[in-house]
């Protein structure tokens, strides 16, 4: 059927700008204030976020820049050019594994947090399965549709965060923000590492793949970096609010500081007296975005290795794997460990690949363009 | 899924094109014998009682002639004054080449043409033309005399405005085209004629403004219209359902209107209008979800008022879809979110209600739907009775009988009012379906269920298209410049661009460039 | 068609999972909403510490609606004794026909008997902080005597005692009270081992509860060390610079005058950094309005106005010094936010001494503070004079 061509499977650079925060805002920011507050004094953590953010922005820029140097080429094809085909296939496969792990973690985390804040009796399998099915539904649709979903959900996520921060103003105790700059260098370094992992552990690697869908990717690196700066801004605002409301000690001892912040707020005269359930439920959209993109990238990576296999088949092979991976951890400690491994893997892996590819790129140049 | 549907349609068309019309007389030419000609045409049409045959002798020549028309489809005054009378008065002068002379000089009707085939003659007669047969000639004159009883132009009953033009489309396609022509005097305004209905042979006109519209949209619509294979198109809804992108979706993918001003505005924005003979409802395509919450009134009020009205409509759409679901979720799953005083009073009012909130809500919502359905097709007088029975008896009685809680009545009523404030009836139906699915989801999984359904609906929406144009435009894909006419209706002077999501050929609607 | 089959499988999977659902749905009228908790020590003590916990459930039917008043009591109290709060809770659940819902719990009352014992307070509070469906905004009150009795108080205008008490604590229009204390804030203090204060209430009569004063908790051992009442609380509030609403009574040339405080604040400064003898200077600024004065001074004269202001300053200074003396010397628990000031503005010094601040070597009790009060009378009220007694 020949329909009106809307450039369907192609996305615009603006979509990349929206996809970056959609991918990066997920579970991380809910837990992150706790980990950072542990390492820094009073509100000093924002410096770490800023540094970590700058590293992440640079990383995102490097990823998109490299991918944009090979416009309209799939990752596999330009990676084959840079590091020979077998290596490229291994890398692509690892990306797919990372995507699966990440989706599994997000699915598990969402079921776990909903158990904390929404349900008592409902089995986590049900929560996880219903979420996963929705993700599968989204991934089975068009890829451009995923990016449209991002741009539908992202404003809502920013809006609810803004509301949260706005309503917490009443509960802010400025004493908590002082003293400033008393953290020692070690604390800053640890905090920076912490925030870098939180930023890029989630998988900026996906943009190796998605840039190939952008028609004119020249502007994509700048747009992606700009999108990343939103994330950094959001992290800083959320962190400062958590510290200002709870103080560093309490923040470091709350399991999900961001949701607890929502719980603290009582809107006088509002229809909702407590925001925590609403907030978490809306946050599900953010987590959904991340999971869907991660899943989609696994599918895309596998599809590029096995171009003849139907996309739907890959999805239906992968989804049980994701589900069972998600169900493996038993206790909160194991989930935490799972999350750690996923983000270390994501971070280390993307970092190494980024360095290798860039070195090869500098050596070989973007010759393939001329072909 | 949509794709498979289309394949099916394609095959159907090919099949139908191969079939030939069964009638015996079809394809025949006119003979030179008047009697046999009349016999043939009567046979072809089945000698209906409303077929009028008037035979006459033409003056000095003593040549036999006849006019044939169908009573009721034609304007009798026109036939009497401009055909019969003029022929009878003038005929004596002619000696030779009578038909040509009559064609050229006598008949005082502008719409006249010659024909030589039975097919053409019969379909012209069925369209309200008058055929003039002359003995010993194999050519027939067809005179456009269509008329008869039609409804006059009235204010559309389904889309009334406080301020704005008061005319509405009627069943006559010629009048409808004229109404659009009166609004747009651009020579680029195009009316492309199709014929639909295997039996009904209705006119269908695709209208657009060349130079604004994206030609690919027109071509796509043409292609889809050609696949239509039905006996009769009783309303443009048949066409709508045939050419829409996804028949599985609950969302309306093509807009319809009775208002010429709305059609004209849409045409100048780069859309395509589809007019069907016999119905005042004109289709507008492509359409987007956001447009279902817009009304023509928005442009007739000043921009602040219009913006506030639109915001209100978005809010009421939210209530119409979510409120009962939220009520169930909050009452059955998350009472902690409701302010303490309210939750205690809800609990107090629900004490003694035998059903869980979900059953209660479904019960009330279903009652409302039944009332709504009952009221729609009743005469106005009885309709009021339904209102009283529904509102007073069921509402009051259900509460005092302890079947539902008073707060549920409020929720239902609020939802009902919110549903009615949605300007498009077709999207209101969608909202009602969504409401029920959200209620079920909320009953099963509380707020989590609601958000899961919400995400699913969004996934469905972003994958949906209206004639190839993304249905969620201009939200996503986001066309920021289109946002000035979305929830905010910017001042008219600022609306200088045509909607970009339609990819119009000519983007500027005003000469001033945007800064 | 393949995709159709897959869709069907998805739908079946989803339905089969979901049709057995509704695990968590409990209708609102089947929930027992907890509005207040009181914790006492049981009268008969076993081997281990035995608590008595009283739960106050709301009876929605008794509340009535906006149009018709409800009949009967709007609450129901259930008490049990046991060795841990969980155990008691389980016991109570056996007597309650509805499932307990803590999401609307707003008040926790703890008897002084419990908080005067070391560490017990922390254990009790722990339960309330760990539960994710409880609010962080639950108010805390310490009860002099039996906490349980307060939940039996039935005021005429409010149907639920817990609501009455929490409204009482939320209303800080008196210098002798402090801002309400939320459970969430207590976590902060407990984590920092800092001393803190909680409002103290007592049973007054069958329809009234009295706001006694402020219980002071020592941070290290988390136990209550004493109570501030009346002027001491005022003094405390003046030093901290918060909650200074209310009245001051001052003495002007032998005649009483009463002032309403419009606005107040304080600033703490460290003047001597010797940790063995820290010296603080507290600048207190107060703006007042004359509310009652039966004397004869014409306060439209500058020198008389200064007399007024001087009298307020003296009164405030006196109260502050009393409070300081009691807190520093007697209770030795820093609730004056001096430690917080050090943390915010002299972080290095604070790091050095924070482990011995108001315990151990107790630098706090070795410190000293001076007060510098600046008061102005901004408005004289409506009338200048109501009686003529001979002007001066």
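In order of appearance the chains are A, B and C, and numbering begins at 1 in each one.
Keep this in mind: a contact is a pair of C-beta atoms (placed from the backbone, for glycine too) under 8 Å apart; a residue touches a chain by one contact, two chains touch by 3 or more.
Note that the structure is predicted; figures quoted are calculated from it, not measured.
Asker: Taking each chain's centre as the average of its Cα atoms, which chain lies closest to the overall Cα centroid?
Answerer: So the chain sitting closest to the middle is A.
Asker: Determine, using the mean of C-alpha atoms as each chain's centre, which chain is farthest from subunit A.
Answerer: Measuring from the centre of subunit A, the most distant chain centre belongs to B.
Asker: Once you find the CA centre of subunit A and the CA centre of subunit B, what distance in Å lies between them?
Answerer: One centre to the other, that is 45 Å.
Asker: Could you state the distance in Å from the CA-based centre of subunit A to that of subunit C?
Answerer: About 41 Å separates the centre of subunit A from that of subunit C.
Asker: So what's the Cα centroid distance for subunit B and subunit C, whole Å?
Answerer: Comparing mean C-alpha positions, subunit C is 66 Å from subunit B.
Asker: Which positions in subunit C touch two or more other chains at once?
Answerer: In subunit C, 3, 18, 21, 24, 103, 133, 135 touch at least two other chains.
Asker: In subunit B, which residues are in touch with two or more of the other chains?
Answerer: Residues 333-334, 336-337, 340, 445-446 of subunit B touch two or more partner chains.
Asker: Would you pick out the residues of subunit A that each touch at least 2 other chains?
Answerer: Within subunit A, residues 118-119, 122, 126, 130, 137, 274 contact more than one other chain.
Asker: Could you list, by residue number, the parts of subunit B that touch subunit C in their complex?
Answerer: Against subunit C, subunit B makes touches at 1, 4, 331-337, 340, 343-351, 353, 356-358, 443-446.
Asker: Spell out the residues on subunit C that touch subunit B in their complex, using ranges where they run on.
Answerer: For subunit C paired with subunit B, touching residues are 1, 3-4, 18, 21-22, 24-29, 31, 33, 35, 58, 60-61, 63-66, 70, 101, 103-104, 106, 133, 135.
Asker: Inside the complex, what are the residues of subunit B that reach subunit A?
Answerer: Spelled out, the residues of subunit B in touch with subunit A are 3, 6-7, 214, 216-217, 220, 223, 333-334, 336-340, 445-452, 455-456, 458-459, 462-463, 465, 467-470, 472, 475-478, 503.
Asker: Within the complex, which stretch of subunit C touches subunit A?
Answerer: Per the touch definition, subunit C meets subunit A at residues 2-3, 6, 10, 13-14, 17-18, 21, 23-24, 103, 132-133, 135-137, 184, 187-188, 191-192, 340, 343-345, 347.
Asker: So in the complex, which bits of subunit A are touching subunit C?
Answerer: Contact set of subunit A toward subunit C: 41, 116-123, 125-126, 129-130, 133, 136-137, 140, 175, 178-179, 182, 246-247, 249-250, 253, 260, 263-264, 266, 274, 310, 312, 316.
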